[in-house]
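Next come two complexes built around chain A: one with chain B, the other with chain C.
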Partner chain A sequence: MGKSFDLNLVFDFLPKLLSYLHITLLILVGAVLIGLLVGFLAALPRIYNIPVLRTLSAIYVSFIRGTPILIQLFLVYYGLPELLKTIQIDVTHMSSLVFVIITYGFSIGALFSEIIRAAVSAVDRGQTEAAYAIGMTPIAAFVRIVLPQALTIAFPNFANLVISYLKDTSLAFYIGVMDMTGRGQTLGTATNHFLEVYISLAIIYYAVCILLEKCFSLLETRMLRYERQFPVSQ
Partner chain B sequence: MNIDFRFIVTAFFEIMKALPLTLVITTVPLLIGFAIGIGTALIRLYKVKVIYKIADFYVSFLRGTPLILHIYIVYLGLPLLFDVLAEKWGWSIRSNSIPLIVFVFVAFSLNAGAYMSEIIRSGILAVNKGEIEAAYSIGMTTSQAMKRIVLPQALMISLPNLCNMFVGLLHGSSLAFSISLMELNGKANVVASTNWKFLESFIAAAVIYWGMTILAEKVTAILEKRLRMFIKGGVA
Partner chain C sequence: MIRLKNIKKSFGKQMVLKGIDLTVEKGEVVVILGPSGSGKTTLLRCINFLERADSGAITIGDLSVDCHRATKKEILALRRKTAMVFQHYNLFKHKTVLENVMEGLVVVQKWPVERAKERSLQILEKVGLSQQIDMYPSQLSGGQQQRVGIARALALNPEVILFDEPTSALDPELVGEVLSVIQKIAREGITMIVVTHEMGFARDISDHVVFMDNGVVVEEGKPNEIFHAPKEERTKQFLKRITPEWRYSI
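Then we have the complex of A and B:
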């Protein structure tokens, strides 16, 4: 701050910040992949009503939904090394990027598990019964009949979640990750033009959000191509 | 693992002192955002000339950028704007006398307004069209029909989403510490670094946030039950 506002700098900063976009996307993709795995594992006990595990999964989801992502980030950053020390694993030299991806993965996983659970229960029970009737095993019925339909139902919510986590990745710089926002901080310190940096960042995030939204809506129409539209009888 | 459990309790009570501030920077933007949200939603629904384009952009841009950037941009940009205006109109106060909390209010309210306008819009669209037709048929004007018939129902439909908004703002308020406001998270950072016990402090902070979130959900569930009494379907 201190210097006068210079609009040209906003455009000067754009390419510099864009060169760190891949780190932001890496965090997002890594977190979504972990999140999908964790989400499925956390959803299954609640879908199949397995005692104890069901409660654990509910507590996990409630905790993640009940605390800010920044607090989760700090908890993992300071807590995970302590936890791993008890089983003789030293992670003091691990990159903070790994902590961020793990935190976001588990955070996204909890919300995924809610979406998956809701989507599975939205699939008509008759589908499972029909699968059993033609002799499928419970696993085959779930994997081949229920899951593909559930994923189609879950997709829009899934897409919203990914977009909202893209914005949350901007917090990674708090534990020292050089993502786009982290680069923005150093750029701001170097040039003393913080406001221009942040406006530049806002433009990039907005563009990426719109791009993701377009991609997801294309994917959605593709996924829905098997959903036949029946003519409505009057 | 060396966690100082007794310090978690100490930190809990220490951090709790910042809860009022967190609640203030959560509820005030919620209320201002609510007003902005209703205004923006109506402008977009009625497609008011020219302004609705601005409203569209406002909603989409604010929803497409991270909250932390809103805070920073308001924090750095508002004083510049203020000083320019102050010079032009000859105000006696300058931007450096604006208290810190005002920036948080402005940033959060703008953010909340964008999200809430979508919530309220979907609530209004969910109200049966017959309701407004019935209101017209007994001679109500558009604004009467909106105020007396549509909005009360729309708000009730959006109650769960509004609760999510509250929780979202509560969690978002943890970013206010980035402009050195001492809310829960800021306090947790101070407690952590002065005692060199980071994990314990953040566990305490997490417990407070978690408790507040559960409380908010419980209150909403009770409210919803009460408000939904007249929506009962069927004949009994």
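Then we have the complex of A and C:
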């Protein structure tokens, strides 16, 4: 157990921890960007039913869903350097941060691909046919008609995903990344006031989550402006 | 001019089109009648390759395509000569009325945005939707949505517009406004192929009537001949059932 509880320390720790918030956000943003890219690439073979690739994508998604993120993190952290060694690439000096971002990127990507796939199939087929009927190419029909609506449909789930991964970034300190939680760990060890550290951390994570939720819900309202706003009177 | 030659189409074991021939002159309005399941929708969808016919040939203007062998390029070219008005409108839900109409001009025909907007506004005025140009489809009544669908087709200045039961999803009190818009553009000499169950409308609008049943053309001719003096027994049965109040010289 630590020393006796001191509320003032909670406020002391807040700025110290906040100065590492940008690392936490960097992990999140980097991972979301990778996740969007990977997620799209993984979704396409299943949307268009491309043999082999479709199966690979399904295996990838089910593996990510079926394993804890912490184990994925260790697998990448210890496994990727070994794998790369066999093709003569040395990554022993690469920052742990990179491993975290890659792991979280692929992890988000798998779930995002599921969300995108469901959203694309939720856009009614008739609109694609209408786009073909006016002479659009399949790519134009997808990009201009299906995708914008699919993104809107996917958005609430996507927002939840981002928020839950914000919280999961706190696991990064297990492989030695100095993010907010990592910094909290060292602060706790140095002062022996772990409870105060964790209260500060909880406050910060909670505040950031609330802030993100607010932003997402504003965006969502904007994206949904084409949904029915008032009943038809005529 | 549009010419369909020996169009055949099966879904699995079921042969839905058993060799359809049809010629539509420029400016002509052809109405296709027939009982449910006779293949009318399938025929329209084969014309713009939303379904690919198993065999047969389609000619529209100077473009002839063999259905079985048609390349992606030919299909695209064919679709750019046609337009379609759907039973369920199929409007682009995330675009405003004006954007729905402009989409084809800007994206497919590569018009500059300003010119496309100008033309789209003219056409929306023609279908009576000048007040609704900035609304989204979800804010419109069914009749208004279908008039947007018609404007979207009309904007492209196609060689033929295909109508698949344009009013059958509408509440009865909204049917009239859509039919009168179709009638109005028919008078402007636009070539149309119309599938409908609105018999009065069909008789008034058509230059030529085709009666289909079970994947074949049973009988075709001038509206007067088909509606008032049909020759084939199946045509008679169909008309008697659907418009018992009309008088036939049968």
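Quick note on the criterion: the second predicted complex is superposed on the first by the 226 of 234 C-alpha atoms of A that agree within 3 Å, B and C clash if a C-alpha of one lies under 4 Å from a C-alpha of the other, contacts with A are read in each partner's own complex, and residues count from 1 in each chain.
Just so it is clear, a contact is a pair of C-beta atoms (placed from the backbone, for glycine too) under 8 Å apart; a residue touches a chain by one contact, two chains touch by 3 or more.
Small disclaimer: the values here were computed from a predicted structure and weren't measured.
Chemist: Should the superposition on chain A be reported as showing a clash between chain B and chain C, or a fit?
Modeler: Verdict on chain A: chain B and chain C fit.
Chemist: Mind working out whether A:Gln149 is in touch with chain B, chain C, both or neither, as first, second, both or neither?
Modeler: The answer is second: A:Gln149 touches chain C but not chain B.
Chemist: Just chain B (first), just chain C (second), both, or neither: which does A:Thr86 touch?
Modeler: In the superposition, A:Thr86 contacts chain B only.
Chemist: For A:Leu219, decide between first (touching chain B), second (touching chain C), both and neither.
Modeler: The answer is neither, since A:Leu219 touches no partner chain.
Chemist: For A:Ile59, using the defined touch cut-off, is the partner it touches chain B, chain C, both, or neither? Pick first, second, both or neither.
Modeler: neither
Chemist: Looking at A:Ile71, would you say it contacts chain B, chain C, both, or neither? Reply first, second, both or neither.
Modeler: first
Chemist: Of the two partners chain B and chain C, which one touches more residues belonging to chain A?
Modeler: B
Chemist: Once chain A of both complexes is superposed, is A:Leu33 in touch with chain B (first), chain C (second), both, or neither?
Modeler: Neither partner.
Chemist: After superposition on the shared chain, which partner residues are touched by A:Ala140: those of chain B (first), chain C (second), both, or neither?
Modeler: The answer is second: A:Ala140 touches chain C but not chain B.
Chemist: Just to confirm the value: shortest Cα separation between chain B and chain C in the superposed three-chain model, in whole Å.
Modeler: 23 Å.
Chemist: Which residues would you name on chain A as touching chain B in one complex and chain C in the other?
Modeler: none
Chemist: In their shared complex, at which residues does chain A touch chain C?
Modeler: On the chain A side, the touching residues are 124, 126-127, 129-137, 140, 144-145, 148-149, 152, 225-230, 232, 234.
Chemist: Over in the complex, which chain C residues touch chain A? Could you list them?
Modeler: Interface residues on chain C, with respect to chain A: 48-50, 76, 79-80, 82-84, 86, 88, 90-96, 103-104, 107-109, 136-141, 144, 152-153, 156.
Chemist: Can you list the chain A residues touching chain B in their complex?
Modeler: Interface residues on chain A, with respect to chain B: 1, 5, 62-63, 65-72, 74-75, 78-79, 82-83, 85-86, 167-168, 170-171, 181, 194-195, 198-199, 201-202, 205-206, 209-210.
Chemist: Touching residues of chain B toward chain A in the complex: what are they?
Modeler: Touching chain A: residues 1-3, 60-61, 63-69, 72-73, 76-77, 80, 167, 170-172, 174-175, 185, 188, 198-199, 202-203, 205-206, 209-214 of chain B.
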